[in-house]
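Some notes on the structure that comes next.
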Amino acid sequence: MKTFRSVLIVSLILLAIGVVSAVSWFLRVQLYTTRAPFSAFIMLVVLLAAGYIFMMEARGGKLFPVRKIRAFDAIEEAVARSVEMGRPVHMTFGFGTISSAMAPQFIAGLGVLSHIARLCGKYGAKLITTLGVPEAIATAEEIVREGYYSAGRPELYDTTYNVRYLTDQQFAYASAVQATIFRENVGANIVVGPFYAESLIFMEAGNMVNAFQIAGTARETQIPFFVLVADYSFIGEEIFAAGALASGDKETLASIRGQDVGKFLAIVLIIMGILALLLPGLKGFTFVDILNWVWKVG
Amino acid sequence: MSGVSYIEKILGSRELLYTLLLLSVILPIIHPLGIPIEVSKRTRDVYSYIETNLRQECHVYIEVYYEVAARGELEPNLIALTKHLFDKNCKIVYGSLSAFGVIAFSLFRSMASDLFEDKVYGRDYVYLGYIAGGEAAAASLARSIKGTISVDNFGNRLEDLPLMKEVDKATDFNLVVIASSGTDVFAYYVRQWHTPYNVPLLFAALSVIAPSIEPFVGAKQAVGMLVGQRSAAEYEVLVGRLGLGIASMDAQSTSHMLIVAFIGIGNILYWGKRLSSRRGGGK
Amino acid sequence: MSLVARRYTPQIIVTIIILLSIAFYYLYINRDVAGAFSTADKALSDWAVIITSFALIVGGIDILRFHLTKVRKEGLKQAPFSLVSIGLLVTMVIFALIGWYISYSNPAAGIAITTQPQFRWLYLNLYAPADAAVYSILVFYIASASYRAFRVRNPMALLLLVTALIVVFGNTTIGGVVWPGFLPLRDWIMTVPNTAAFRPITIGAGLGTVVLGLRLLTWRETSWMGRRE
Amino acid sequence: MIGWDVIGAWLCAAMVVWIYSFVYRDNVFYKIAEHMFVGTAAGYSIALALDSLNRVLVSPAVRSPHTFWSASWHYVIPAILGVLMFTKYSKKYYWLARYAVAVNIAVGSGLALRTVPIANIVRQITATIVPLWGSDPVKTLNNWILVLITLGGLTYFIFTTFPKKAEGVKPSLTYLVYRGLYYIGIYGMMVGFGALFANTIMTRVGFLISVYLIYIQPQALASAIAAVLTAAAIILGILRKR
């Protein structure tokens, strides 16, 4: 019943957008910008709607199994091993700031941090979080504190030890992080977030102390370094899924299915587009033109 | 300790690899090896454009727009181009739309002192210095240099310089070269010099930003483009002044080969150990 | 009440601002509205700049606190280093403040915060070389990483190695001496399989971003607030 | 007399050498260089922060107060939110810092949400729509590779639904297509990773050459002295550990 209601709500919203668009088109109103193709806006709305429907279905009690992400499961092993060796766990997010378009990746990293903090509380591991983004200091402190307090080990929490903000200048941050990894002799080096050129510095510093390394980013140019050098890696969108897995909340997990809808959509559009190349095209209007179509009246 | 693992320990130590790497980069810069280089079509096009289209004693404007960190890629290009132009007895006016261009020019001037030896400042070349104002300044320079600034970088009045009596506006120049580490300044010159006055432009760019200015070249708004150290090396071969470009290509070659050698050794050791342990697996 | 102030209000702020910024970008309606949108959009990004600036100052205090705690805990062994950091931080800020003061008291001098002469000296002779050095330190790391990463453990690693070798030989002049075919082969790899390989990753990253945005909008993503009450 | 320029040039060379020394071993000179770097960088970012505050807030408010208060009065709100960030040191009012974080996270995510559908999704899809037939066999083959790897990569990332192989039954066509694309995807991505990794070596070496030319070569003596000092420190460190 609930599912039905949410599907109804979403389709009503889509219908409303459609009606408003159609009416404004006939009234010759330039409703949408010419900067972006109209299909981008439709894509955004459809993806948000699809994800929302799945979240509502999950609230109604439906379960969506998510495939194993090995790097995510490895986090627990990494923390446990560090405790055995008596070495701290290190986590950092990279240099992308949260007031730029890198924000989503940073938030995914924060999700992973809260998972690590809870595990560190559970196993009694020491956690060192290094930061290069000043806005996130308070958040990181809170997350780490929460991890230790909820596991009943408040004595392990020490703000200046656990959370270290090292400056927001890219390579000063990188040099300080590599020194921290080396001097604290970390047992596990977990780096998830938006990374730039500093990615390999962290990987090699971790390698110098033989740390167990888990890495992930959605920034294309840095993925190779993580995949080839780390023990386990999140490739691209897996970091967003990791953030959802970390929450352990079934509604949040259900939203991942929205990502799959997007992938199916992309596959279908690509195949349709290629097949449509066989057709002559309607009055010179091809499939690609539809995707690139910009809302323009008059 | 068995022989294989002992060798692996030595080779696997980072210290050895790092030291060899440093040497493999620095030594070729000091003593270039002169590995032959094949000149790409793009560089040859630029060279033949200057060969065929520029007369003796023509006038060229060169924009020096890069910070010191980009020197390794752009300076060799600039030196090779300057050598080519001076060989044709062209007269060059240098200018910078950015403040860091001043330092870059002075370093360039001292690195290529042999080129400037028998050239007279004011008659054969002039450096205007930093001209503030970005795109507006570029537009103003295209209309009139002397109307934009009155003194050059060293405080000489432009009216007193013989070269500046010959040239003043965009159409007085037969070629404009832009050596830049940013993308914007290429667009300034396309919009303010090429589009209204149809002055031929030539780009020298960093390899990372080359893709973003490729469209200008594709649209024939620029006569050609030199990209990074590779183009510099090729141009040095063409003009016959082997310098930093070719030396960097040698350094690239030696360091890459060192890394390849280490990858090879690493694989041999890995398979050696794996096969020998499989053979002795019964123990 | 307290939960409203602590948890709900920040989430409401997030939802409203995200929706607004999407609307500002995609909607046009007419020229006046679009102009108002872009002014509001500019204001939003200025808001972020102002907040980041304050965050940076808070961060500076955090760095001071970190080093002072370190000196207290580790004593003389750490003290000289931490004092160097603190000293330079304070010096830079003082020079910046002097520059700021001059920019108001004597605007004709053309000195602003970042162009104060002593500030520039420190920047050019300390910060700039260190920055370049840390960046280029990557050359060592990429060498030792390749030594380990390109070990042929399985067929996939063999493919990886072969690709890497072709690109390496194509990039260097010595490759052209060995076999002239390396350069075109390298160009082909960089334009065809390389482009294709990163395309699904790009699409996936986009989808992940949208779904995370959805979680922010629907208040399911709360890690950024820290503590759960 | 030794001028500031000379000192500066020596400092440059020493900083570079000291920072490079870390790749061999951590030593006291790296530690000094790192702390100097971090201190300057922190000061620099505070200066940048003051500069942008000055640009956006202070300068307009001081230079033209009238226009500022009529048009940009709302800049006071983020300023207040910014000041509230200091409450993170308070045990009771720590949550006030969230308001400011909320604004920044929302602005960042909003930026991402507007560019992503175009740049990451639509543009990538349209770029993959290429003809898979034609007179030019090389181009056709390239297009096939492009499309197959792209579709394969997309299949590889699917999280929640995929065809499963039932025990003892002949695998269905869907399953075979899925597995095939999955492997094409992962192998294709590996080619991409290898190529990008190897291609990066070139830019990194290029950067080392630049640094050598700018800082080390002109100050060979200073760098040599710094290098000898560091080497001594490293050897001393190793001996002491024994």
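Lettered A, B, C and D in written order, each chain numbered from 1.
Keep this in mind: a contact is a pair of C-beta atoms (placed from the backbone, for glycine too) under 8 Å apart; a residue touches a chain by one contact, two chains touch by 3 or more.
If you're wondering where the values come from, they're calculated on a predicted model, not measured in any experiment.
Here the chain at the heart of the structure, going by C-alpha means, is D.
Among the remaining chains, B is positioned farthest from chain A, on the basis of C-alpha centroids.
One finds 16 Å separating the Cα centroids of chain A and chain C. As a whole-number value, the distance joining the C-alpha centres of chain A and chain B reads 39 Å.
Chain B and chain D have CA centres that are 26 Å apart. In chain D, the residues touching two or more other chains are 19, 22-23, 31, 37-38, 40-42, 44-45, 85, 88, 98, 100-101, 104-105, 107-109, 111-114, 116-117, 121, 124-125, 128, 147, 150-151, 154, 157, 189, 192-194, 196-197, 200-202, 205, 207-208, 210, 214. Looking at chain B, residues 14, 18, 25, 69, 252, 255-256, 259 sit in touch with two or more other chains. Among the residues of chain C, those touching two or more other chains are numbered 22, 25-26, 48-49, 51-52, 55-56, 58-59, 63, 127-128, 130-132, 134-135, 137-144, 146, 148-150, 160-161, 164-165, 168, 171-172, 198, 201-207, 209-210, 212-213, 216, 224-226. Chain contacts in this assembly follow no simple pattern; the graph is neither a line, a ring, a star nor complete. Remark: the chains found to touch one another pair up as A-C, A-D, B-C, B-D, C-D. By the touch rule above, chain D contacts chain C in their complex via residues 4, 7-9, 11-13, 15-16, 19-20, 22-23, 31-33, 35-54, 56-57, 62, 72, 74-75, 77-79, 81-83, 85-86, 88, 95, 98-114, 116-117, 119-121, 124-125, 127-128, 142, 145-154, 156-157, 185-202, 204-205, 207-208, 210-211, 214-215. Residue ranges of chain A in contact with chain C, taken from their complex: 29-36, 41, 44, 47-48, 51-52, 55, 97-99, 104-105, 107-108, 110-111, 113-114, 134-143, 145-146, 150, 160, 164-172, 174-175, 197, 200-201, 203-204, 207, 218-220, 223, 225, 228-229, 235-237, 239-241, 243-244, 246-247, 249, 251-252, 255-256, 258-259, 262-263, 266, 295. In the complex of the two chains, the chain B residues touching chain D come out as 14-15, 18, 25-26, 29, 68-73, 207-208, 228-229, 244, 248, 251-252, 255-256, 259. Only residues 22, 25-30, 34, 48-49, 51-52, 55-56, 58-59, 62-63, 65-66, 69-70, 127, 130-131, 134-135, 137-138, 141-142, 144-145, 148-150, 160, 198, 201-218, 220-221, 223-228 of chain C touch chain A when the two sit together in their complex.
Residues of chain D that touch chain B in their complex: 23-24, 201-203, 205-210, 212-214, 217.
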